[in-house]
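Please find the structures below.
Look at the two complexes coming up: chain A is in both, with chain B in one and chain C in the other.
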Partner chain A sequence: MKTISARQTGIIVFLTILANKILVLPSVMYEQSKADSIFALIAIFSFELLVLTIFLQVKKAHPDQNLKEILKQKVGAVVAKIVIFAFLVFFLFKTMLTYSVLYIYLKDLVYQDEFGFLALVCLFPVVNHAVVCGLRAMGRTFELFYYIVLVGVLFCLGIAFFTDISMPNFFVASPTEILNSGFTHIFAFGDYLALFLFIDKIKLRKGEGKKIFFFAFVGIFLVLSIFVVFYSKYQVTAFMHNNALADLLIFSVQFNAIGRLDIIAMLTIMTLGLFQLEIFQAAFCESFVQVFEKLSIKYAVAVFDVLFFVIYLVIIKKYEIMLSFATDYLIYLAILTNVVLPILIYALGHKHKKELSNEKSD
Partner chain B sequence: MKQNVEKFIEKLKSQFHDDSDFASRLFVCSNGKIGFVFLKSMSDPVLFSQSIYLPIQNFEGEINKQLLIDKILKNNGVESIEEEKIFADILDGKVIVFSDFFDGFISVDITKYPTRTPSEPPTSPVIQGPREGFVEDFKTNMTLLRRRIHSKDLVFKTLIVGQHTQTKVILSYIHGVADKRVIKEVEEKIKNIKIDGVIDSYYILSYLEKRPNSLFKQIGNSEKPDVVVSKMLEGKVAIIVDNSPIVLTVPFILMEDMQSSNDYYTNHHYASVVRFIRMCGLLIAIVAPGFYLALQLFHYNILPLNFLITIADTTQGLPFTPFLEILFIFLLFQILYEVSLRLPSYLGLATSVVGALILGDTGVKAGLISPPGVIITALAKIALYTVPEQQSQITVLQIVFIILGGSLGVLGIITGFVYVVNYLNTLDDYKTPYLAPYAPRVKEDLADALLKSSINDHHAPPKSFPTGKGGAK
Partner chain C sequence: MKKVINAIKKYPFILILVLILVVFTPYSLFSPGQSRKRAVVIAIGLDKIENEYEISFLTFIPSPNQEFQQSNSVVSGKGSSVSEAVLDAQLTLGKDIGLSHAKTTVVNERMLEEDISSSLDYLMRVVSLPENTVFVCTNTTAKELLMATDSLEQNLGLKLDQLVSYNANEVYITDTSLEAFYKGYYSPTKSSLIGYIEHVKEDGSQSEQGGGQNQSGSQSSGCSQETSQSTSSQGGQQGGAGSSEQNSSAGSSGQSENEKQRGSLQGQSQILNKGDAVLLRDGQKVALLDVDNLNSINLLSTKRSLDSITISDVQTEDEKNVDMTFLVKNKVVSIKTDFQNNIPLFVANINLGVQLSEIDTKAQKVKQNVQNTQITEEIAKKLEQKIKSEFSQMLQIIRENKADVIGVYDSFFTHNRKEFLKFLSSLDDRENFLNHVVFMLNLKIQQDG
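Then we have the complex of A and B:
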């Protein structure tokens, strides 16, 4: 089996942590809990790190099995299929949301007309091709672009310091508002759960879990930094700026020797968006193949494309609808996949461990 | 089996279809008759006379086969052979000696045909370092390698390919340094080649590639023995093809083309800078025209104001759209390039004058093309030669990126680029990742990748591809 290394897995975690959080999320969260959204973010990230620990434990216990085989062993075939199906739906809408967020960016700041739709359609062949090529090729591509993306994000952050910024006002929102903000936007999180679907394709040696955590911390640090710098820069008008990372550059000082630097944000956002789409579609296709065992990855890609276009025409074309759909309905799905399922997997693993130790003591 | 000399000569002659190049001689001595057959175009008549015919003629006493081999024939390449080997030896330029008074055949090497003296290859000149290049004669090429690797572990395996040409393909590697699986795989692939003829090493190249229809080269090649030797020392297998000055090497990684033999004969800091510039050159060559189009057509608002004014001034009133303009200039350059390749050298200056002055300058003055368009396309075309080994691939990619940039803007460039990188990451012939040591990252090999460290740090065998000392599995 073609596997990916710990470093490549870490980079996937890094990319998924940035996914959907660096463009629209800072402004929409600000509407609910002002700059205190950062506390909601810290709480969710802390939980995500715990889930990452669970993932590593599951991987350690089942080094060569895929998620379906693991679940089948513990809870039976039917429940296993239901769980994987939940992931399938989760990642279908995740891809939709990412397309949607990218669409807003392209329409607002890059193409400034309906051309954005055509551009999204053009992303399809590339994303489809990447998924068909497999996780190993994808992992290698991410590895090659990792520093480019990292430097791009750091550059956008760094340039923002060349304007007048002051720390935002914290402790303005009530704890309920903060919790509410985290709860409402929970669908924007949990992207790294794709790892559970790729679990058998990840090759981890002893002690390599630290590498994955390192990349997770880098990702979390960047997201938190973007939130802080964005709120510091725009203060009370933060809710008006829908493309956080790009907006950090737009109203920054212009360097006469170089000219406008928006192109850096443009390249970074497009590359990041493309990679995130690849990961989510790969996760969708992987869960599809695990649910419908007899169908190949190419069928999964075809099914995804058809579903995407149907749902796009109904929902995403008006991206506001997609965003409200994510905050109104998809949160329940996200709670199932982001919270319930990892806890369930952990509990089952724990039970299994206990049974094993009981057997040993007997 | 003793031969009836005349009958056997007739038999061979008819098997060569009365070829006028086929020559035979008959000598009658006290024991009986001795026959000689050879090809005039492949053998040296003076050597035949001096080392074969005259010694036999001057020998006094009874001649037998052993005496001929040990004493009479004054030539180093004398051996007793079986009948099956006759044709191969005649075609190699050897003389076959046979008689009605001894069994079997004697083959004497008097091969002589015109060969080129090793000289500096025109495609890879160096400022410092060895200037010798491979030639068309495989024996000379083998010598050039043997002279550089004084080791009993250097192995040459000869295989024959081509139904009509019967071309010698020599597999060369250092035993214990090259990976056995790679050697076996290459040998199998060469043995399975079914082809009428092999004119050049490129004929067998596609048989060695996992994806022969791919745009990207998957097999390394060089005209320089020092380059091939350095690759063999890393654990690669070289393939010498008779009549070709290009020696192939496997496995291949893209980074090889970013390296030049010059890098190893200069200061490593300078080599790192040059490699970095080469990498930038590659990127500029691929995306510059497409990127310029994307900025001009879709993202002009992010161009610096002065630059935007210049472009607006110069493109005003052009009959073509920016997209067609760049395509037109690109086509113009490509035509000039093709012409300059095929024109006799004395017409080279005329081409430059026509290209630079008449087509370029007058084109701009006539308002057909804009100066920025010419500069960007020229820059891309010149940058292409920072990595000349990838010239054909880059030219195709330039057209693709012009179309992507012109129709989709920067998003088109990025999606195209990611697509290409994704595709390259699927190439893993001979268990070697194409973009190693960066994707996947092979820490041990970064010392001699885009940045080059001192030669003192290059002691560990590479890990990016399988070698006899480990490496990729």
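Then we have the complex of A and C:
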């Protein structure tokens, strides 16, 4: 089996942590809980780090098994399939949300006419090809582009310091408002859960878990920095800016005088968006193959494309509907995948450990 | 052929690539250029005449040539709403409008009689007017100012956004972009500052009536396309022509010499940049601030501004009753907020490093070296009096209009939040909180260097 290294896994975690959080999210969260949204973010990220620990424990206990095999052992084939099916639906809509956010950004900045079909036609052959090539090829590509993406994000952050910024006012929103903003936008989180679906394809040596945590911390640090700098720069008008990372560059009057530096934000966001779509589609295909064992990855890709085109272009139609769908309905699915399932997996693992120790003592 | 089929089988991605090329190459080759479909707008003017909106676009039309050439033209449209007016202008242009390059947004003073944000809303949300556009107000119609701007650029190579950006960097300190306007508008104090550019016509009048005399002649109602000229990059000769035109026109206009120098004349009308600003509250104009008022606002800012202070009737060793002008070269500002007996106290400790730049003596000769003049106690006292008197004038304006543009609310909210919120809740009119704040200005004036 073609596996990916700990470093490549870490980069996947880094890319997924940035997914859906650096463009629209800072703005929509500000509407609900002002700059205190950062506290909601810190709370969710803390939980995500715990889930990452659970993932590493599961990986340690079952180094060569995939998620379906692990779950089958503990809860039976039917429940295992239901759990994986939940992940399948989760990543299908996750891809749609990521695509929507990227589409809004490109529509705002590059092509102001509607070009949904055109974007899909240009984007999806590349994404499909990456998924068919497999996780190792993807991992190597991510490794190659990691520093480029990192420098791009840091550059956007750095430029913001050349304009007027002052710390936003914290402790303005009530705890209920903070919790609410975290709850409403929970579907934008949990992207790294794709690791559970790739679990058998990850090769981890002893002590390499630290590498994954390092990349997770880099990702979390960047997201928090983008939130803080964005709120510091725009403050009360933060709700008007839908492309946080790009807006850190664009609306600095000084830099507009020397040219369009926003091309850097554009390239960074497009690269990030492409990689995130690849990871989410790969996660969908992996769950598809685990649910429908007899079908290959190529069928999974074809099914994904058909479902995506039918649901997105025929039923959802507009990206605004996708965004409201994510905050109104998909939050329940996200609660299941982001909170309930990791706790369930942890509980099962804990039970398994207890049984093993009981067997040993007997 | 077999080899090709085998290669496609092995690498199906080639087929997708070929398909994309087959579909999109003819489409790209036969589709017209973007400049044919979309007009690049570099400045926008918004007027309201009775109940009708008029929107004017200063558009940039690139034309292929051996040397760089561009044509600018002002196109306008009218309608009962801003969206209708935009549509009307688009019909006139025969193109969609692209506002990504719009660097200036001009509104007529009358537009500011009611909340301007409702008029800007459509432009911001639907047609994507960038928030970093410089936002200015004018006394005549915005359309006339745009037309005058076009000629300003041709004659002097000076763009309106550059003119206002200079004000923003050196006079107002805070920028006067649309973003800055919204920051103030959505802040708890609902107050903001925007630039003010005066437009004076041939006879020196500053009337608010339309139908100005421009290079393009009289304006026509409804959709009209006016002032279409070209600018060359090898414009040395044109620059010369511009300045000579400025002199001849200056002689004919009824303005003071000072205003003539500040203003950039073109043809029959001139743009006067006095560095004034409009004080807005709830998106409505509440006062016009002059440079002295703005200097007083900037006094509390840590950034340095173009600030000169003139004091009169100073006694020196050699002369009696001389006028002295000082330039502020250095400034250290420390703001402290506190509550004493439930009274909010706003204390500004300011150290000013000033340099004497000019002495106006009653005698014919200046007997002392200006650069070596020491700041005596009397001079320091006079400077302090002058600064404090201008500060209290500014304070009176912002108190009367309940428009906190000096950051008093923010300072108290940041440093004494609990007490400040309690204080605000004790007031009948929270918006009038500035009247209850005690201001203390501690000045220390020293010779710079």
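The rule is simple: the second predicted complex is superposed on the first by the 349 of 362 C-alpha atoms of A that agree within 3 Å, B and C clash if a C-alpha of one lies under 4 Å from a C-alpha of the other, contacts with A are read in each partner's own complex, and residues count from 1 in each chain.
Note that in this section a contact is a pair of C-beta atoms (placed from the backbone, for glycine too) under 8 Å apart; a residue touches a chain by one contact, two chains touch by 3 or more.
Keep in mind it's a predicted model, so treat the numbers as computed, not measured.
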{"item": "Touched partner set for A:130, first chain B, second chain C, both or neither", "value": "first"}
{"item": "Residue contacts on chain A - larger count, chain B or chain C", "value": "B"}
{"item": "Partner chain(s) touched by A:250 [first = chain B, second = chain C, both, neither]", "value": "second"}
{"item": "First, second, both or neither for A:143, with chain B first and chain C second", "value": "first"}
{"item": "Touched partner set for A:179, first chain B, second chain C, both or neither", "value": "neither"}
{"item": "First (chain B), second (chain C), both or neither touched by A:122", "value": "both"}
{"item": "First, second, both or neither for A:240, with chain B first and chain C second", "value": "second"}
{"item": "Partner chain(s) touched by A:7 [first = chain B, second = chain C, both, neither]", "value": "first"}
{"item": "Which of chain B and chain C A:75 touches, first, second, both or neither", "value": "neither"}
{"item": "Footprint overlap on chain A, where chain B in one structure and chain C in the other make contact", "value": "122, 125, 129"}
{"item": "Partner chain B, residues of chain A touching it in the complex", "value": "5, 7-8, 106, 110-111, 118-119, 122-123, 125-126, 129-130, 133-134, 136-141, 143-145, 258-260, 262-263, 266-267, 270-271, 274-275"}
{"item": "Complex interface listing, chain A residues touching chain C", "value": "108, 112, 121-122, 125, 129, 164, 169, 234-237, 240-241, 250-253, 256"}
{"item": "Residues of chain C defined as touching chain A within the complex", "value": "13, 16-17, 20, 23, 98, 103, 124, 128, 130-132, 165, 168, 174-175, 177, 179, 182-183, 186-187, 413-414"}
{"item": "Chain A contact footprint on chain B (complex, rising order)", "value": "298-299, 302-304, 307, 408-412, 414-416, 418-419, 421-423, 425-426, 433, 435, 438-441"}
